[in-house]
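Look at the two complexes coming up: chain A is in both, with chain B in one and chain C in the other.
Take a look at the complex of A and B:
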């Protein structure tokens, strides 16, 4: 049954002063003032997300400064938001045959689903703990390799977390 | 002689010379296979095509035994047989779907995959790989092999255009048989034994025949890859459009692979009447570069010896006012064996009805001696047959008139004729040259007005090959004239779901138009009042006006082509 909506015209004079409602509200406020606080003073007070948190996807950078990624484009294929754009190329320098000449994630498209991390055969793309993303233009939101590559050591926790589920 | 066999309970009448796999395929039962190929000899080494084969059981008197219900009893062979080399026989019973066969296939797959590297993520074949597909369809999906795989050389350049990854090779020998049987230049061979078998070239040689890249298409896995296409794109990111190779007058049927409005790959498309499964390396590698690069992006007019880009209307009115300065006999109209039937037909109509000139010709592009038994032909243009059919004269007959200054204006369709000094000098006698061209070249340099025209990959139309077969081309690269979505192009996933501000949908779109459309605009500028909305409208008129094109239509040509009337008796 649909509850009948009460309009202002339906209220009597006393109800229209709202005095009882104001006291009801204030009593709740005073009761809560003395209880435990749940809010935090963000951004002065930072929040450290749990390790299962899916922040912005980043690329794992090996010790020699290159990316782990072999430009297989499986992440680009699985990405439901079509956020990832990769151009592969051949390399003769490292033990791998191909590398991403270009690797870009459009952070305006990304929905932080983590599919890219899940599909990657090389553990080369992982979800970081970072969630503070600010851009002032559309172009700025397209992260290239410069912004995406993060040294492996910094991602160790996440990589270990992922191992449990392999 | 016809025999009757039963495949999976279905009775089929077929010729006795056929093999089980052929008959099955012709009748809609596909039997998985790696080494068998319709155009190559039977090698029977992959064992993927195993089927159960039986014959009616006969008693000592030779009579067929029947069961209680009167049905003949089938006696199956004790072991499974390979369908690719088993010839059919009267009364034969073939099972392709029983549990026994499914188990056998899974076992074969398991063996093949034992030493196959886990390369799919970096392998160009992934997405169009037989082994990958069969691993889903005919395999259990898990490996029981716990030891180290055999390691073999990867990234071996076995030819100018072909790269070999020996670990991925499944030893089907298709590539070897192709070189031996089709090109007839044996160059590949297996060496070593057992799981060390390695594909290699004969000592001191390499895979460098004119058709070497067909081995890449033949290879059921990613062992042979194209050096040109290597790592350029994933196949699932491209769109594919049926087209025709414009490298020579054979007109091999092709598939154009496009990503981000750029052609990345050409592959041959089956047409038994033209090119079978093959195309030559030259055609594959050299006929798409000019679509992607060195393009004229807009019409241009030469002022004081310098070109400046301009609007279409300006270039058209300039052309009209210039052409009006000359009498009809002073104008030479040159068709192009690189342009379509539609372009040339309309050009001729324009010359006759609007310019009223009789000087209509074209230039051949014959490279003498550059031909072979298989596909390559001396005539390096895709459409010279049609120009002869439409009555274009030989260009060389008009050179004399140019040198005598009887010709003062030239209207030229897409053809780079100013390739040598004598012609350049001759053309300097001409006051006004207007040309259609997709690319900057020597001829556009000496022209006064240049119309930016579409390439074969950007327009609808037909080409007529050396034996008079009319074949369709369709646009695969978008220009300002055509929109990928609205004009029904093949669309990749990226084309379908990309927004206008995604970088990968921003591939260059040139302001080029089909030549027939440019001619139409110029003719109507002269007051011709022609009405053609599509290339098909022009083609309909060709069919009404040119005897040998009678009764043709785009629908009838479809993607296999159609022979001209008068040529039918020769083939």
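Take a look at the complex of A and C:
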């Protein structure tokens, strides 16, 4: 339904003097002062993101200490921000033939879209719950394998969440 | 003679300190109320619950770079914030904050200067304060500043007329131009707000326009004019404009309280409190509380009412406020003629 536009002629005298309307507004703002506030005192009060939250992308680390990733390059290909750089290498350990010698995500470029997680055939890259990313230089913003690898147990929740939709 | 001098200097120092610190805290109050109206908490980090925020603000302003635009008229660019502040503060000189008080056997008037044309003094000073804004707009050599300054002058001049005419009603009821007399004439509950409701509304609206507060803060309308007349100011000079704005607000509230809310009078207070010193002190507090409530109203209006358009502002000024103030004089005149 289209709401009828209110013209000046439709108003009665008191509405036209604005005075009653201004007092209505004032009483609203005055009541607002005593209402509950929604501010979160951030550094003291942390926010616990829901499991569907897309924090920084991390690599899943298996129990034996290696990454799950097989360096198929799909994530680097799909990444819209070109944030992922991978160098593959051969390996004969742990029943896989390729592994990423270098796996870097430039966190200044990453837009947290989650495409890498979606495309990965090995469930090797997932979005974590972490959103506090602070760096003081551009070099620091490039996260290597040392920062990306997170033990599988810690990411169990996210992995289970992903299973529901596959 | 010397005693009078000492007394005045002491009074000036006290008034000045109270005024300058209260305008600093008024900024904090404004930010807090703004936050509360918008369901936020507001500044609460510096000091206990954010009480030292004004100090932090001051520190920030002092350490900022003072930029003077390339083709600005340097002298006037420096002068105009000083004009604004000086005038804002000197208006306080005639406002009585309490009855005559007796300390050490000496009668002291709680008013810096007991001028017998107090109201005229206030009116003339508020008209001069246009210069601070208009000159700052002109000297900045920036179109936005200039437009802000021009708007401000036009606005202040148009509202000054209705303000002056509204005051005439008060002068008619009190029979004096002296502020102290006007306060005394409102003893009991004979406050001018009840005697002069029309005049009060006109004066209130005009004070909003005079202090450049929302809904009449057109000189600094951000969406059209960037910062208005103080676009080109930074650092301490900007701080001075800021200080002047908030001081003007305090002064405007003090004038409204003096003229319409019985000043320092507590209705029938002398019936309950026998000791004269205690009475004087409670009277000062009643003045301060009244001014505080008025300031709260000023701030609440700012966060409630949207800004007027410029033609609406002029319409309200000339087509509504001006006839209303004339009507007020007429009604008051007829009333006094008949009774």
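Keep this in mind: the second predicted complex is superposed on the first by the 135 of 166 C-alpha atoms of A that agree within 3 Å, B and C clash if a C-alpha of one lies under 4 Å from a C-alpha of the other, contacts with A are read in each partner's own complex, and residues count from 1 in each chain.
What we mean here is this: a residue touches a chain if its C-beta (ideal position, glycine included) is under 8 Å from a C-beta of that chain, and two chains touch if they have at least 3 such contacts.
Note that the structure is a prediction, hence the values are computed from the model and not measured.
In the superposition on chain A, A:37 contacts chain C only, with no contact to chain B.
Legend: residue contacts after superposition of the two complexes on their common chain; A:28 is shown touching chain C, with no touch to chain B. Look at A:133: by the touch rule set out above, it reaches neither chain B nor chain C.
In the superposed model, A:142 makes contact with chain B only, not with chain C. Here chain B and chain C are compared by how many residues of chain A each touches, and B touches more. In the superposition on chain A, A:111 makes contact with neither chain B nor chain C.
Touching of chain A by both chain B and chain C, each in its own complex, is seen for no residue at all.
Across the complex, chain A is touched by residues 33, 36-41, 201, 300-301, 303-305 of chain C. The residues of chain A lying in touch with chain B in their complex are 70-74, 76-77, 82, 85, 88-90, 96-98, 104, 106, 121-122, 138, 142. By the touch criterion stated above, chain B contacts chain A in their complex at residues 120-122, 154-155, 230-232, 234, 236-237, 494, 497-498, 501-504. Of all residues in chain A, only 19, 22, 25-26, 28-30, 32-33, 35-39, 41 touch chain C in the complex they form.
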